[in-house]
């Protein structure tokens, strides 16, 4: 940590900082120029994190050079984390495609989508049983019954299933029926849920929050790793900006940045990011060449009758056509589709 | 709802929409110009909410004219909601000032702050027992022990106490010890928590999310009202923008807009919004004249030794000086401080 | 400037930076911890500004502690700049209210608004002759003829007139007819225009850009001061965020921050910031208590027939009612209306 | 245009709108439901653009269904615009790569970069002679001398040259020496410059503003086309968001959206968008698969000694390696590099 003092800060204000540091158990290294004094702070990570000198007399700026996370970094683990679930895998060159409806609506719908998605090359099946909806008057999902339909659909095509944990109290139940537990964008900083899921031994798909920075997303993943759960994926799904043509702004530079900063697999979700069916194909392909380890794509047999997110869902035929253009790119990237057998 | 078709959309695409509407139980009113056809949709609120035609063939745009909330609006209840807790009140001309430390650290700290805040004119006491922290390595709060200290501090000055519910599983416990339950910005769209708190009969302080629109904030409040809890306050605490000089951007136009749109009391939190001690006084005063019904302000006996949010905390002396400049403004607005006896 | 090296950066990468610094004529001060080396850079302002080491091998972050401006700061000039034009003034306790139509449409309109605005207490008259319009199909203003009408309207009420310079080639002409030259938000970083206006000796009203930070706005003002023009006002008029209820987000914390950072008068423009007539009164009043030195408000005799910005214009009667609520606040702030005689 | 009235708006307020429409020469089509009345407005484009009913009594929302542009759209011209300059071309399957330094610094630098860039496959040479700099103390470019060096460098490799017009007064001079005139992000809404350049017959590269929506960018392009200049390229170069890890957020969904909405060639500039050398390769490749018609990339022989934008510049060797990974993607997209001979 660096404490940059204001121009010509008084000796008293400098001494005050030095004293506070000593008190906290950290060391102060002074660098005094003619105009500016800068105090370098050296000490144990936990101690330095807790210090907060912004706004003290004479302080212009406090600059943190230690990151608030460690286990997620490439410095800590240079090689890619690879997550294996049944015959599917993701990371380390294995490319995942998670396909399925926004919300599970019926056995027929779920079975049909799973069959079509698997046939087109999906490596995991997704489906929503508990739905977070901005309005209390919107469809809220089928709940446990939906989970069972999802499980059955996954089993029928021998692919793992991904679904969201909306309420921390449901985590155990969801974990009984699903292979990958999704933390939605709105819960990315629900730290109690992160702690609970960190204690579990199920792979987690952590979605970046709408207003979360790259650093905050890595900090949220650190919560999960700190609990001992090592099978974590991070999912870029668009951030909120002033642009309204798309629902959110897909931040593909974040995908590339995550790949440099962390060993965890990075998934891209063009469906939620754009909210527009006509942008899913180009954004899926752009995600692959940006370096993503996988895609999450909404597929519905009849998007115009979907109870949720119809406008951004592909038909099975569209999805199949998309896969034909995605697979060659995955190979050009030197990766392979993450499914065997 | 209005479905705006693309220029010269085919009759087939128009008929398709009309058929989908009929199927769902809604009526279609066509307005066909030379270039554009617009389909007006009339039907029950729940049915119309569920429809989603964006992205269908021929559809350019879908415009929702019905709001996703009802109980929060001034149309539903023209007069201000007034919340009374002991000798304090807020709304309908009663102005609240909630003061206290970001995190409860000790009995001495909490008692001292409560005494100083009450003496300076605070109408409620705040303090954090469970702290949401971006980094898993930061101080996480004193938990239940903190709650008890907060309760004791409030009782000692006969003022109600406000604290955050961080985990839905703790809601009952927090409700035992606190008078007002705060939903933090990061949990504003934790819909499961909203449902739980909506079933309770304790006043709620709902903080606007960092990336939540005015409409989404009202929808979150609607969740609480829909559960039957009518004592809801909304708190503006800054939104995330590109500006980095302040921690967030305090959106005072939202305060004024909320006042027009809803009957619920609106609180402003300049401490979290700006993250800078030197901006709290001007932003507190601006909040009053923007129409807020109350302020939430962090006060700490020794901000430089605070375990959390030191840079944005006022000393008791600063807080007292601030109150001297706030009270005349409250009166100029035709309101009164929300505490009796 | 501080160059923060990556953890365990190689000696070679450190030496490389030190060499580049020596080459450029700056000094390097090394602070080497066990994990991190930080290089402090000391040298002449112009030299240090030009250095750019982000992205070099071993470099984690480059932190600039010298601001890219100097003449605008309170450190350079502690006392408020006061601008005097005829019987009006702004800054140093004098509060300005600039009122008038978005665009000048006719002599009758302009004369009428000037008379009504002056009667209600406006201290300057504004009006647009050259209009920046997003669409090439929208009304573009009356041009020179409009300028003459504005001048005549100002003279008739003995108040100075403010109007925008849209094209650097028109600067001389506009300066002939107007008392204050406005740089619009879209031109805030039109540096060629800033240089031209910096050479002139007419007061300038510099509007903050929609996506300009506080620092960038101060840098733009520095361009003007550097040219020798000292009569500069900065105008907060809303920044672009994800919120769509208001046209932009009025950043009143920026008003308070500008007041701390610079000696220049700060104006607030709630009309453009909110784009909504019903929010102008509360935002005007909030601007006063946030510390603004003046307001810019759109007034039109018949907003519903205005050729531009009707939805955010006040009628003369509304404006007069607003002034009755603004003046007491100005006085409570210890300021006075900036007009004499 | 649709005027959505508030619930139960008075007949008087409805009649008022209808009267204003009649007065303006437009027709009103009323659709009256039980709760809501919606007024459809039909009339000539120019008339309807000028109407502005937001904020009138009884009006809830005004929705514009006619876009503020026409000539840029695919509806107006379905087939791709192809721009040909010497042996280079862009659009209609021809892929452009514009490479060169942020700022022209010397003959040796410029000649060297041009030679290396051409050898690696660049199709145009870029270089900055007039530099827009946030700080008045930063390097401002070589001016006319730089233009001549750029021209000579382009001639030496027989490739067209691209450079920015910073000041409308320099447009003629720049047009004498350059083949493509760039409008920088900060000038995207400098409408006077757009009008001037629209009258010229030189290809224009229009950069999207930092805070410009997709619609506003298309409107700016419309200004150019309306003047009669048909050789317009649009360049996505990142928008300003809350994320600070990258300089801006590259909006690749905008690239895909532009490709659907307009016939103009779309260029992507990952150098300015990310501001980080290490993200240029993945973002260049993602731009190709998102559908871009070209790339703009900063190349400098010694980035660490560059007078501008060093951190985001590639060395010639890096650029050459990048091109080896870009060309196969261009071909996979069914396009070809836009240079012959």
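Each chain carries a letter (A, B, C and D) given by its place in the written order, and its residues are counted from 1.
What we mean here is this: contacts are C-beta pairs under 8 Å (C-beta built on N, C-alpha and C of every residue); 3 or more make two chains touch, one makes a residue touch a chain.
Predicted, not measured: the structure shown is a model, and the values here were computed from it.
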Original post:
When you check each chain against subunit C and subunit D, which touch both of them?
Top reply: A, B
**OP:** Sort out for me whether B-C or A-C is joined by the greater number of C-beta contact pairs.
**Re:** B-C
**OP:** Could you give the separation in Å between the centres of subunit B and subunit C, each centre being the mean of its C-alpha atoms?
**Re:** 31
**OP:** Could you grab the centroid distance between subunit A and subunit B? Build each centroid from C-alpha atoms only and quote it in angstrom.
**Re:** 26
Subject >> Whole-Å gap between the CA centroids of subunit A and subunit C >> reply: 39
Original post:
Multi-chain contacts in subunit A: which residues touch at least two other chains?
Top reply: 211, 240-242, 244, 278
Original post:
Can the chain contact pattern be summarised as a line, a ring, a star, a complete graph, or none of these (other)?
Top reply: complete
**OP:** Quick one: which bits of subunit C touch subunit A in the complex? Just the residue numbers, please.
**Re:** 2, 4, 7, 29, 31, 33-34, 36, 38, 40, 42, 60-61, 63, 65, 75, 240-242, 244
**OP:** Quick one: which bits of subunit B touch subunit C in the complex? Just the residue numbers, please.
**Re:** 211, 213-215, 239, 241-246, 249-257, 259-260, 273-274, 278-279, 282-283, 285-291, 328-329, 332
Original post:
Which residues of subunit C touch subunit D in the complex?
Top reply: 16, 20, 45-46, 49-50, 52-56, 68-69, 132-139, 166-169, 186-187, 189-192, 209-211, 216, 219-220, 222-223, 226, 240, 275-278, 303-312
